[in-house]
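So the structure is just underneath, and the comments pick up after that.
As written, the chains take the letters A, B, C, D, E and F, and residue 1 is the first residue of each chain.
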Amino acid sequence: MIPATRLIPTPFLTLLLVAVWLMLQNSLSPGNIIMAVILGIALPRLTYRFWDRQPDVQRPWLLIRYILRLIGDIIVANYEVSKLVLSPWHKPKPYFVVYPLSMTDHFAITVLTSTISLTPGTISAHFRLHEGTVLIHALDLEDEEALINEIYERYEKPLKEIFGC
Amino acid sequence: MLERAVEISAVLFMIAIALNFYRLILGPSLPDRIAAVDTMYVNAIGAIVLYGMWLKTTLYFEAALLIAMLGFISTVAVCKYLLRGDIIE
Amino acid sequence: MMDHLLVMPIILPLFAGLAILWKRDASARFKRLVSLSAMALLVAVGVALITMASDDTIRYYALGDWQPPFGIVMVLDRLSALMVLLTSVLALFAGLYACAGQDEEGSNFHGLFQLQLMGINGAFMTGDLFNLFVFFEVLLIASYALLMHGGGKARTQSGLHYVALNLAGSSLFLIALGVLYGTLGTLNMADMAQKVATLDTSSAGLTMAAGLLLLTVFALKSAMLPLYFWLPRAYAAAPAAVAALFAIMTKVGIYAILRVFSLIFGNQAGALADMASPWIWWGGLATLALAAVGCLSARDMRTLVSYLVLVSVGTLLAAASLPGQQSLSALLYYMPQTTLVTGGLFLLADLIDDQRGKAGARIVKSRPLRQPALLGTLFFIGMAGIAGLPPFSGAIGKAMILQATPEGARVWLWSILLVAGLCAIVAASRAGSTFFWRSSEGEASGPLAGPARGIATAALIGAAPLLALLAGPITQFTDATAEQLDHPARYIDAILNPDPENQAMPMSNSEETP
Amino acid sequence: MEALYATVTGVLTACGIYLTLRGRTFPVVVGLTLLSYAVNLFLFSMGGLASKSTTIVDSSFPYADPLPQALVLTAIVIGFAMTAFVVILAMRTRGDLGSDSVDGQRTDEPREERK
Amino acid sequence: MTLLLIVLLPLIGSLVPLASARFKRTTIAWLVAILPAIALGVAAYHTTSVFAGNIPTVSLPWVPSLSLDLAFRLDGLSLLFVYLVLGIGLLIILYARYYLSENDSIVRFYGFLMLFMTAMLGIVTSDNLLLLWFFWELTSLSSFLLIGYWSGLSSARKGARMALTVTGAGGLCLLAGILLIGNVVGSFDLTTVLESRDLIQSSPYYMAILLLVLLGAFTKSAQFPFQFWLPHAMAAPTPVSAYLHSATMVKAGVFLLARFYPVLSGTDEWFYIVTLVGLTTLLYGAFFALIKQDLKGVLAFSTISHLGLITLLFGFNTELAAVAAVFHIINHATFKASLFMAAGIVDHECGTRDIRKLNGLWRYMPYTTVLAAVASASMAGVPLLNGFLSKEMFLAQSLDAQMLGGLSWIIPALATLGSILSVAYSLRFIHDVFFNGEPKDLPKTPHEPPRYMRLPIEVLILICVLVGILPAILIEPILTAATAAVVPGEPPQIHLSLWHGFNLPLMMSGIALMGGLMVYIARDHIYRFHRQFKTLNARDSFENMVQKLVKVCQWSIDRFENGSLQRYMFWLLLTAVGFAASGLFQVPRLAGDKVVQPVDSVLIIGGVILCLAAIGTIMTHRKRLISLLFLSVVGMLVSLTFARFSAPDLALTQLAVEVVTIILLMLALFFLPQKTPKESTGGRVLRDLLLAGTFGGVIASLNYAVITRPVDSISRFFIENSVPGGGGHNIVNVILVDFRGFDTLGEITVLGIAGVAIYKLLNRLRLFMPSSDLEGRPWSPERFPVILYSVSQTLLPLALLVSAFIFLRGHNLPGGGFIAGLVAAVAIILIYMARGVEWSQRRLSFNYQPIAVTGVAIAALTGLGSWIFNAPFLTSSFGHFEIPVIGDIELATALLFDLGVYLTVIGATLMILANLGKVTTSHRPTKEKQ
Amino acid sequence: MDWRFALELLVSAFLIFGGVFAVVGAMGMVRFKDFYMRLHGPTKSTTLGVGCILLASMSYYWLRTDTLSMQEMLITLFLFITTPVSAHLLTMSGLHHKLPCDDATRGRPYELKESGGATKESTASKR
């Protein structure tokens, strides 16, 4: 539980909420902005009790870069999958890979597993909490080590930087 | 041209939904069927957005938004059921 | 504030119910106090409404100030006033009975009881068919909950049947509503009545299908054969106070039949006039006949009373299908007394059950009753009243119905009704002689019926002599009510072409009316 | 289109009815739910099937009949409340009577823990 | 008005014993006697007037629309009966004081007795036929109580029930007859009816009226074949028997014959029916009176016989026969009452009524013996006693009956036979009991009864003797008056005298006396003859019959209402589909006039999937989870259908509800068996499929027919007034919160109640919980997947934000309180799923019930607010306000109303789901470490 | 070429692509041999397909009304948050059900192995 000591216990969330509200309203009128701020402050305070203590975003710019990279990877991922789906002659080589985590924060791990699921040919299958590993199912994989390295370099390391953990 | 594209895309989405439905019928396992339904939900988002475009109205976005949210939650419920039986324990 | 009186039967129990439900663990004293005073007030409202309605003006109350046929209206005519008063009196005593401890056998009794009243009264007052559906649902869901009050296998089992059938019934109601809206383009009953008269032949059949579906739904509520099977077990299983209140539930169905089939499909409905009568007639007779058999078959008093409820349902339905005002008036006299007395008999069954130990209300030998004189007198009066024996109101009501039967229908109704009466007598004498005369050795050790339960039971059963005594003025009222019902044009006129003086609330958006 | 719509309503109704007639609480509940879907579709269409229409004022489309929509909304909510109740009642039946048969008949079922 | 007192005083009198319960028994008896005595005085007061040919009447309106008036008359017949009822009643009161033991509640006895007396008096004085019927049935009811007075005895209970059933049934017939008369005559007024002889006899209903009225009379006066109840009514205390079977109950039947004699008699139908029944009863009763071994049984059958005699006389259709009938009514009342009382004394003093044991009592109670002997002699028709006079008249009239043509001699012959038997059983009553050797093992040693117990008998015997000797002085006036009321037109000249000279009737009397003596001597042959036949106990066979009837009823009801929901549901749906189809058959052409819209491929694919999904739901219904998945597809596609046909609000609502429903069903599925066993037989499946298919077809046809027809609807009003009148652009929402806000108030009430109701249902719920899934796999040890709960806590504020958004825009765009509420509730449920009840509950410090209740209250109070502005409940108002910086905002009461909806939905939904979750947590069979 | 036309062309392309991706995802679901492989279709293609549609929709309204509709962004956001979680839970269920994987699969995890090789976890799951 996050203690509600500050007016804005989770500034990043507040920002997110304000942005989402404005997106929803699709307008930047003063009324909407006021409402957005009110909700942005009120809702976290209303729901903070449901939050575990979690890392705040330490380096927002890195986050944006991360998101952009993710979008790119998603497109690539789709291309890869489409190829496999549409080519009857190519037989995919599925692979279960155990990925050792170097983070412990649940939220960051969640972001990582989500990323894995969204990106090329992989789905995070099982987060083995007590082992600190994630089981990954790869649709078509030759080299286990390469995948582990790639995930670490592309996603886990940036995430650790972003959340500072 | 745009109208045409919307219509084609809509048909494609319906085909996708039909294929998902085929998997639902086929199974064979429960997770397979659940995945099929989950995917149908996602495709329904596309279908509804396309319908809004066809009508040239933004009235249907909330529906799409809700499908995104609620479809997820019902998948969670079913998976939780498979894993634990009791979904609210 | 007299104007708002028309909506009081609904919002008074609503607010009372909310006040009680707001704190689930409020003291029993508080809940009882609120509940009883609300119901006493409701009786006063009922009396005021009856007084208002007695001037033969049909008034309406446009909710949200949206005039009919667009908005929802509550309509006060003689019939609705009568039903509301009847409900409130029954509820007051049923509620009083519950206050002796039955209310604490489960949670939220009084709150649900109040909301149940809201639903029932709403069904009686509304002039809008969809709103009728909504109030049906309110009263149903509350009744589901009340039926389960206190728990137990029998309640669960019969409750499931009751609920499932009524859910299917609600679906049928919606289908019927849909078709009516689809063909008539309106939801206001007066407006529907007006439009039915001018319906073209290509759509008349659809409207007829809808009307008959509505009949199915109302027949289910009123427990007409072959749709009554759920009732005996459900009523027999319900907690006494609830069963007593349920005595009015079948009458909601009969009320709806009266209202809809006298107004929308009444004598001015052109091709569809009186289309349901033959069905109601045969259904009513069949119900009556089977209920009579049921009376003889009853193994315990609650079931017996349940079948007596069905006997009265059959009688009322048969009477409802007869043409003319005389039978309507007879029906309207018969209805209140049978409702109150069967309600009282359910309470009495509980008292008897209480004092007989293990045997309960089953018709078998058991230890003697603690208060044989009191309970015996009540039993005697109640059963004689319900079986239609003089000098009680049942006899008057039955005689009125028999007398109003037109020649062609006599053979059927007279013979079945009289035989049913005989079956009731036989069954009641069997039960009564077992309860009060055939006791095994042993101490009478059951709990005494305290003042609350005693008064409640006596008051309801006391309706049998009281309503007989007051039969003169009451039949005068029911005669006029029948006359009003037989002239749907007056109702239609009052709602759709209102005389500003007859409106419960002045129109503020008057430019919107057609 | 009308014929297709009516067919769908009919099929949904038939399926709902069939399940409603089963002997176990669960199919009955599912059947009632299905039936209420069908009925909602039915009621909804009573104002006519409106393509490319709207119920929002100041839109460039012709209006669809808003009244059946409002009615169906009410019906959905009420139907939801009722379904919820009957689901719990089905559980209660199982708990109290030891069987999920709608008629309360005990049938042989694999023993399960009961507390 | 004093007439009213005759009925009213005994009615009040029925409360006297209750009020005087604390006094001594003798005092009670005296107090009870006061009011009937006064009533008797009132009758006496009217006597001269009645004898002068007047008929005092009084009438108070009671139920005008039924023509039921409180109307009383006192003609000669009424007066005669009033005297009998009150006079003998008073004697019974006295007698009962001594007869009843200390253990018997005298209060109860007198109360019932007075009630009965009231009913009797009502019958005989009613001037309104319906009123007469009222009292008629009241005698059945009160006699039920009297016969069952010794309720501990099985025979008393059965006897009482039988009497009630038979006489009650007769009463219902009488009611039908009376209603028919009223229908023919147009009035229930007795005076009018009595003047309508021709009208009634010429009406097509005459036969029905006759039969129904006679059924009433015959059941009451125990005429063959309804005689069987009477002997078993002897289980009552003797004072009751003495009263019921001499002057009252059974006399009510013959009173009815007398009452309707002016209008119904004189026809062949009357003659044949009444004579035949009377004659049969006369002989039947006489024969069995000879055979019975029970003292009261003898009297009971003799009563039947004498009632048969009276009936027979009425049947003769002659005036003098009617006179004789009335006369015999009086005589029978006196001697039979005294005989019953004498029998009561014997019973009381000896402790048995078995004639075989009772012998030679004259030595123990000589005085009583004399009284009984005189009464018996009167019954036998011995000269100088009143019984002789009417018996003589009877024999004379039997000779005059000519209706049977060549067989007319049969009637006097059988009448003589009846008289012979009558003499024989009278002899037996005296000889077998008071003489004939010594008593055999009596329970008590008999002696004379208390002085006052004998007094009533003495009074009656005195009357018997005096009337027998001085008939002209004592009885002629009242007999004349009574006959005047019975016989239409000029009353016949009655000359009562002891001696009519030697004539045929006298000879017949002589034969009767001699024959009777001979029969009595030869009685053993008759007993032997009778013993050849199996004796049937009417009470037991009646009881058996009733038991069998009850069994048959139970069997058939159990067959009908077999407790099977499947059957009930089948009937409901069959009825519905039948009705709907019958309407559809009236539709000439299914397709309407509207132009049909084209169909495109998207719609076809969607429609096909929707149908297949529905079919999938039923195909897989035994694998419940799969069935649920199909159901959820149906729900989603229905939602898309709503969207497709321009109903975004509906689409949203359907979607939200569908998800919550699925969650709910998943919750339930855990506690229900996960599979449905295959139970339905092929036939059942086929039947259900047929019904379902037909139903579907009918619905589809209805649907098609309606949507292809144009309709002029009230919707235009809503479209036009949504903005100006309701202040919202979303017409559907404005309808919901404004135009038809009352529906919505009801709807959220339903939701709130559902929440409360479910809370109630979950109370003390015992559940089955599988410890493994269907394939026997143990549940996954991972209770709360990390990924899930991390995401759900992120989603919660987002979902609440969306919920707020949907709520606020609802009035103008798709959305509104209901959907918003469900979104919020579902988001919270997600937390429950992701983290469990315990964890979530710790963080939610509030109860859901008050939230739901508050929601409904807000909506209702919003409605109430309009009262302040003197507007009807739920009248909305709205306004636009210009606020600096923010700009124009609209405030509407409808929004407040919608807030109520919002809160109700959240509260109710969470009450349902969270409470369900909560209940189960503590009961989890095996708990594992996280 | 007018920029509007170009944009229209782009939007049309997005629409068609979206539809195609959706079908591809669905086909993947039909075609692949085991459950784990089948799951790749919906998580990637379908999500992207819908994403394309949403993007097209944004541009479409921009084209029509000159306002940039941001709500589609929100839907996309939701979708991208929730889809991986659904997929994750589904694979968890699959593993829990020991759904067989294709024979060609390497690195078969202990969740899918027969209970013979009991590991720490599988004993823990026995209750």
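As a convention for this text, a contact is a pair of C-beta atoms (placed from the backbone, for glycine too) under 8 Å apart; a residue touches a chain by one contact, two chains touch by 3 or more.
A quick note: this is a predicted structure, and the numbers were derived from the prediction, not measured.
Looking at B-D and B-F, which one has the bigger number of contacting C-beta pairs?
The comparison resolves to B-F.
Quick one: which chain's Cα centre is the longest way from chain E's?
Following the centroid criterion, the farthest chain would be A.
Whole-Å distance, chain C centre to chain D centre, using C-alpha means?
Between these chains, centre-to-centre, one finds 28 Å.
For chain B and chain E, let me know how many angstrom lie between their CA-based centres, rounded off.
For chain B versus chain E, the centre distance works out to 60 Å.
Using mean CA coordinates as chain centres, what's the chain D-chain F distance in Å?
So the centroids are 31 Å from each other.
Suppose each chain is reduced to the average of its Cα coordinates; what separation in Å results between chain C and chain F?
That pair's centroid distance is 58 Å.
Two-or-more-chain contact residues of chain A, please, as numbers and ranges.
Touching at least two other chains: 20, 24, 113-114, 124, 127.
Quick one: which residues in chain C touch 2 or more of the other chains?
Expected reply: 130, 134, 137, 141, 144, 148, 151, 157, 160-161, 164, 168, 175, 178-179, 181-182, 187.
For chain E, what residues touch not just one other chain but two or more?
Answer for chain E, listing residues that touch two or more other chains: 563, 565, 569, 573, 628, 644, 667, 669, 699, 702, 706-707, 711, 713-715, 718, 740, 743, 747, 750, 753-754, 757, 761, 769-771, 779-780, 782, 785, 787-788, 791, 795, 798, 802, 813-814, 916.
Touching chain D in the complex: which residues of chain E?
Where chain E meets chain D, its residues are 563-566, 569-570, 573, 594, 596-599, 603-604, 607, 610-611, 614-615, 617-618, 621-622, 624, 627-628, 631, 634-635, 638, 641-642, 644-647, 649-650, 653-654, 657, 660-661, 664-665, 667-669, 671-673, 676-677, 679-680, 688-689, 691-693, 695-697, 699-704, 706-708, 710-711, 713-715, 718-719, 722-723, 729-732, 735-736, 740, 743-744, 747-748, 750-751, 753-754, 757-758, 761-762, 765-771, 812-814, 818, 908, 912, 916, 923, 925.
Okay, in this complex, where on chain A does chain F touch?
Against chain F, chain A makes touches at 20, 22-24, 26, 74-75, 77-78, 81-82, 84-86, 91-98, 113-118, 121, 123-128, 135, 137, 139, 144.
What residues on chain C touch chain E, complex-wise?
Chain C residues touching chain E: 3-4, 7, 11, 14-15, 18, 21-24, 61-66, 69-72, 106-108, 111-112, 115, 118-119, 122, 130-131, 134-135, 137-138, 141-142, 144-145, 148-149, 151, 157, 160-161, 164-165, 168-169, 172, 175, 178-179, 181-188, 191, 201-213, 215-216, 219-220, 226-227, 229-230, 232-233, 279, 290, 293-294, 296-297, 299, 326, 329, 380, 384, 389-391, 395-396, 399-400, 402-403, 414, 418-419, 421-422, 425-426, 429-430, 433, 436-438, 471-472, 475-476, 478-479, 504-505, 508-509, 512.
Residue numbers of chain B touching chain D in their complex, please.
Residues 55, 57, 59 of chain B touch chain D in their complex.
Along chain F, where are the residues that touch chain A in the complex?
Residues 21, 24-25, 27-28, 31-32, 34, 36-37, 39-41, 43-45, 47-48, 51, 67-71, 73-74, 77, 80-81, 83-85, 87-88, 91-92, 94-95, 101-102, 104-109, 111-112, 121 of chain F touch chain A in their complex.
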